[in-house]
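Structures given as C-alpha cells follow.
In the two assemblies presented below, chain A is common to both, partnered first by chain B and then by chain C.
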Partner chain A sequence: MLKLIQTEFLKLRRKKFVWLMLSVALFMPVFALFYFKTSGGAGIDPIEFYKWTAFSYTPWIILPVVLGILCTMLIYDENQYDMLKQLWIVPVGKMEYFFSKFTIVLFYSVCFMLITAAASVLAGVIPGYIAFSWESVGYLLVKCLEISVLTALAVMPILAVAAAQKGYILPVCTTLVYTFLGFILLMVNMYLHPLSSMTAIVMRDIPGVVLTKTLNIPAAIGCICVWDVASVVLANVTLKKRK
Partner chain B sequence: MDGYIIETRQLTKVYGEQTAVNNVDLHIKPGRIYGLLGRNGVGKTTIMKMVLGLTPITSGEVDVFGKNIKGCEKRVYPRIGAIIETPGFYPNLTGTENLEIFAKLRGTTCPDAVKNALEIVGLPYKDKKLFSKYSLGMKQRLGIANAILHDPELLILDEPTNGLDPIGIAEVRNFIKDLSVVRGKTILISSHILSEVALLADDIGIIDHGVLLEENSLEELQKKNNKYIMLRVSDVPKAALILEQQFKLKDYSVQDDHVLRLYDTSLDMAAINKALMMQDIAVSGAQLCNDTLEDYFKKITGGEGIA
Partner chain C sequence: MKILIWAERKKLRRSKIVLTAVFATVMVAVIVFAQGQFVFNGSRYVDSAGWFMTTAQSLATFYVLPAVIALVGSYMICREEQEDTQKSLHMIPIDETRLTTAKMIVLLAFSVLIYLLLFVITFLCEVVLHFEALTAAMIFTFFKVYLLDGIGVFLAVAPIVALVAWIKKSYWLALVFAEIYSFTGLFVSMSSMLKTFYPITAAFNLSGYYEASTTQIIGSVISLILCGCLAVAILAGLKRRTH
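Right after this comes the complex of A and B.
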C-alpha cells in the first residue's frame, strides 16, 4: 500500500493543473485583504478574520469543489490512457487502488488548508488588520486540519463516482451538485449529507457562529461514515466489474 | 499431455447474443513461442484477457502454470508480463519514469531492471522525452519493456508489432525470439500478420470467429500444406479434356484461363507435355509448388487470407 501511495505522488509530476488548483487556497485570504482594507479595519479580532478567510466559503464550497475535481483527475487520467489493465496485472488490488487515491485526496486537502492557514495569517498580520498571537494561530491550524480531514472524508462519494465510470463529465457535475446540495441541506437536516455534517462539526465551536439546531456530533460523524462505507462498496463493486 | 504453461479447456466468452470465443482449447508448452493467428476481431484479445483473468469467463477453464487462474491471479501475475491492446502509460512522465513506477509497484529488486528493459527494446534510459511525445512504435516498445521489466517466465503479447516500422518489426521479432531461445521464456503472441507468426512462432493456433480451427507446430502445419503441379497452358478446357481422357486424371483444379493445378505430383510430366503438344496446346510452364501458410489459412478459414 505504501508503495502504491508513493507511486501516486510520482504520477503527479508535471501536472500543472494540480498545482494550479492549490493556488485557489489563496483566494479567500487575498479577497480578505481587499475587503478589510475597504472596511478600514485595523485591530480586528483574529478569530473573526480567520472566520472570513478560512472557515467560511473555503470549507463550504471551494475545498469540496477543488477536491471533487482532483478526484476526477486522479481516476480519469488512468481510464483515458487505459492504465487499469496494466495495474491489475501488476497486481494492484482494487481497494488498495481506491484508498491510495483517497490518500492523495486527503494529503492534498491538508496541504490546501495549511496554505489557506498560512495565507490567512500573512494576510491579517502583514497589513496590520490583526495582531499576531500563537493562541489564535494554533486555533486556526487545528481548525484547518479538522476541515481538511473531514472534507476529504466527505468527498469520498465523488471519488467513488469517478471510479465507477470512464468519463469525467458525470463526476464533475456530481461535484457541483453534491457541493451545493451539502450547503443547502445544512439548513434543512445536517445529518443527510456528509458535507452538511462536516460543516456542522467544524462550525460547532467557532465563536459567533450559531447553528439553528443543536449539533449531535456522533450523528454527524455517523452520516459521514455511512456515506463513506457506501462509497467504498460502490467503488469495490464497480472496479471489479471494470476489468 | 502434461506440463503446459497455459491450458484452456472449452473456454467460451459470450457478450449478450454474440459468442466471441467458442470452446477454445489452447495448449502452450514451456519455452516455446505460441502464435495465436486470426483476423481482427475474431477473439484473440478476448482469449488473452480471459487467460489473464481480466475479463470474466462465460464457461470453461484456464490453467496458468498448472493452476486455475480464477482466484490465483495475485500469485500468478508476478510470473507474467503482458501487453493487452495498446499499452497505456502516464503521458506527463518520461519512459524511464513510467517504468520506475511499475518497477516500484512490482517490488523489482534488481537496481538496473529499468535500464536493462529499456536497452533490450532499444529505448534510451533517463531520456527527457515525455510519453505523450512518443511515436506509436516507441509506445509499443515501452509496453514490451514494461512486460519484461520483472523478468517474467511467461509473456503474453497482444499484437506487439502494431505500429512499428519494418526495421522495428524485425528488431522486435529478434528480441522476442531471443527471449524464448536464450532466456527460455514462454511467449503467447497474437497477430493478424501471418508472415510475422510464421517467422516467430514454434506453435500456431488459428482462430476464426471465436473458434480455434487448428493448433499445431509450425513444422506440422507446413507438412500439411498441399503439393501440386502448376501447369501453364494455352487452352485450359482442351488440356483438361486430354488429362481426363488420356491420363484418367480427376484430381485437378482450374485456376484461370491458362493455369491448371494437378494435385497428383507423381504424374509423368514428360508424357503429359507430349500429349498436350500433340494436340497443339502450348505448354509454357510446369512447376512443382507448395501451398504457403497463407493458402492453408485461407483454406481452413474458408475466406480471404491475411497480410
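Right after this comes the complex of A and C.
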C-alpha cells in the first residue's frame, strides 16, 4: 500500500495542472484583502477575518470543487491511457488502488488548506487588518487541518463515481451538483449531505457563528460515515466488475 | 458552415454529455426547490409566486451552469484531439477556425437551450404551485430573463472556451476557471460599478434580473461584446497559427 501511495505521488509530479490548481487556495484571502480595504480597515478581530478567508466559501464551494476535479483527473488519466489493465496484471488490489487515490486527495486537501491558512495570515497581517497572535494562528491552523480532512472524506463519493466511470463528464458534473447541493442543504438539513455535515462539524466552535438549530455532531459524523461506506462499496463493486 | 454545424449537432447527439448537462440542470432545479422548503417568517420561500423562477436562474448561473457550458464547449473542442479525428479533418481539408466557429455556434444554441430547459422546469413548478398568481406579463419577463441569461453566459464563457481551442487538452483548466469565474460574480455583485462590467453579472444586467439603469445596461452589453470579441480574437490567432 505504501509503495502504491509513493507511486501515486511520483505520478503527481508530472501533472503540472494539479500544482497550478493549488493557486485557487489564494482566492478568498486575496478577495478578503480587497473587501476589508473597501470596508475600511484595521483592528479587525482575527477570527472574523479568518471566517472570510478560510472558514466560509473555501470549505463550502472552492475546496470541494477542486477536490472533485482532482478525483476525476486522478482516475480519468489512467483510464485514458488504459493503465488500469496493467495495474490489475501487476496485481494491484482494487481497494488498495482506491485508497491510494484517496490518500492523494487527502494530502492535496491538507496542502490546499495550509496554503489558504498561510495566505490568510499574510493577507491580514501585512496590510495591518489584524494583529498577529500565535493563539489565532494556531486556531486557524487547527481549523484548516480539520476542514481539509473532513472535506477529503466528504468528497469520497465523487472519487467513487469517478472510479465507476470511464469518462470525465459525469464525475465533473456530479462534482458541481454535489457541491451545490451541499451548500444549499446547509440551510435546510445539515445531516443529509457530507459537505453540509462537514460544515456543521467545523462550525461547532467558531466564535460568532449563529445557527438557527442546535448542532448534532454525532449525526453529522454519522452522515459522512454512511456516505463514505456507500462510496467504498460502490467503488469496490464497480472496480471488480471491470476487466 | 451549415454542414459543419449539422455535423457538430449530430456528434453531440451521440455523446452522453448532453444527457449529463440535462441531469445537472434538472438537479439544480430540484436543489433550489429543496431550498424553497426553508421556512422564513412563517412561510416557505417556495410559497411566494415567482421565487422559484427568480432563484433558480441566479443560483444556477453563480454555481453550476457557466461551468457546465464551458465543459461542453471544451469537450467539443478537445474531443477531436483526444479521439484522434483532427488528422482526418485536416485531410478533408476542413479549416480549423471554421470548425471551431461552428462549435461555438452550437455551444450558443446549447447555452440558450439549457437555460430554456431550466425555465420550463421552474415554470411548470410555478404553474402547479401558484397557477392563479401567474400573469402573462410575468411569464414573458421570466422567459426573457432566462433567454438573455443563456446568451449572456455564453458570451461570458466564450473566451474560456476559445482559450481551450488555443491550448488544447486543457478542459480541466476551462472547468476550474469557469467555476471560479462564475462564483466570483457573487462577490462582484456587491459593487454596482463592478457588477456592470463583470461578464457574469453583466449577463444579469442585460437579462433584467438586476435592476439597472440604461447606462449600466449599455456598459454590460459592451462588456459582453468585448468578451465575444476576445473569443473571436483568440480564434483568429488560432487561424494564423494553423496557417
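Heads up, the rule we're going with is that the second predicted complex is superposed on the first by the 243 of 243 C-alpha atoms of A that agree within 3 Å, B and C clash if a C-alpha of one lies under 4 Å from a C-alpha of the other, contacts with A are read in each partner's own complex, and residues count from 1 in each chain.
Going forward, a contact is a pair of C-beta atoms (placed from the backbone, for glycine too) under 8 Å apart; a residue touches a chain by one contact, two chains touch by 3 or more.
Given the structure is predicted, the values throughout are model-derived calculations rather than measurements.
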Taking the superposition on A as described, I'd like to know which of chain B and chain C A:Met21 touches: first, second, both or neither. second
Just to be sure I read the superposition right, which of the two partners does A:Val177 touch: chain B = first, chain C = second, or both, or neither? second
Of chain B and chain C, which one contacts the greater number of residues in chain A? C
Given the touch rule stated above, what does A:Cys111 touch, chain B (first), chain C (second), both, or neither? neither
Answer with first, second, both or neither: which of chain B and chain C does A:Ile69 touch in the superposed model? second
I'd like to know which partner A:Ile169 touches here: chain B for first, chain C for second, both or neither. second
Report the residues of chain A in contact with chain C in the complex, numbered from low to high. 17, 20-21, 24, 27, 31, 35, 38, 57, 61-62, 65-66, 69, 73, 80, 167-170, 172-173, 176-177, 179-181, 183-185, 187-188
Touching residues on chain B, where the partner in the complex is chain A: 49, 52-56, 73-74, 77-78, 80, 82, 84-93, 97, 100-102, 104-107, 130, 146
Write out the stretch or stretches of chain C touching chain A in their complex. 16-17, 20-21, 23-24, 27-28, 31-32, 34-35, 37-38, 59, 63-64, 67-68, 71, 75, 82, 170-173, 175-176, 179-180, 183-184, 187, 191
Residues of chain A touching chain B in the complex: 3-4, 6-7, 10-11, 13-15, 77, 81-83, 85-93, 243
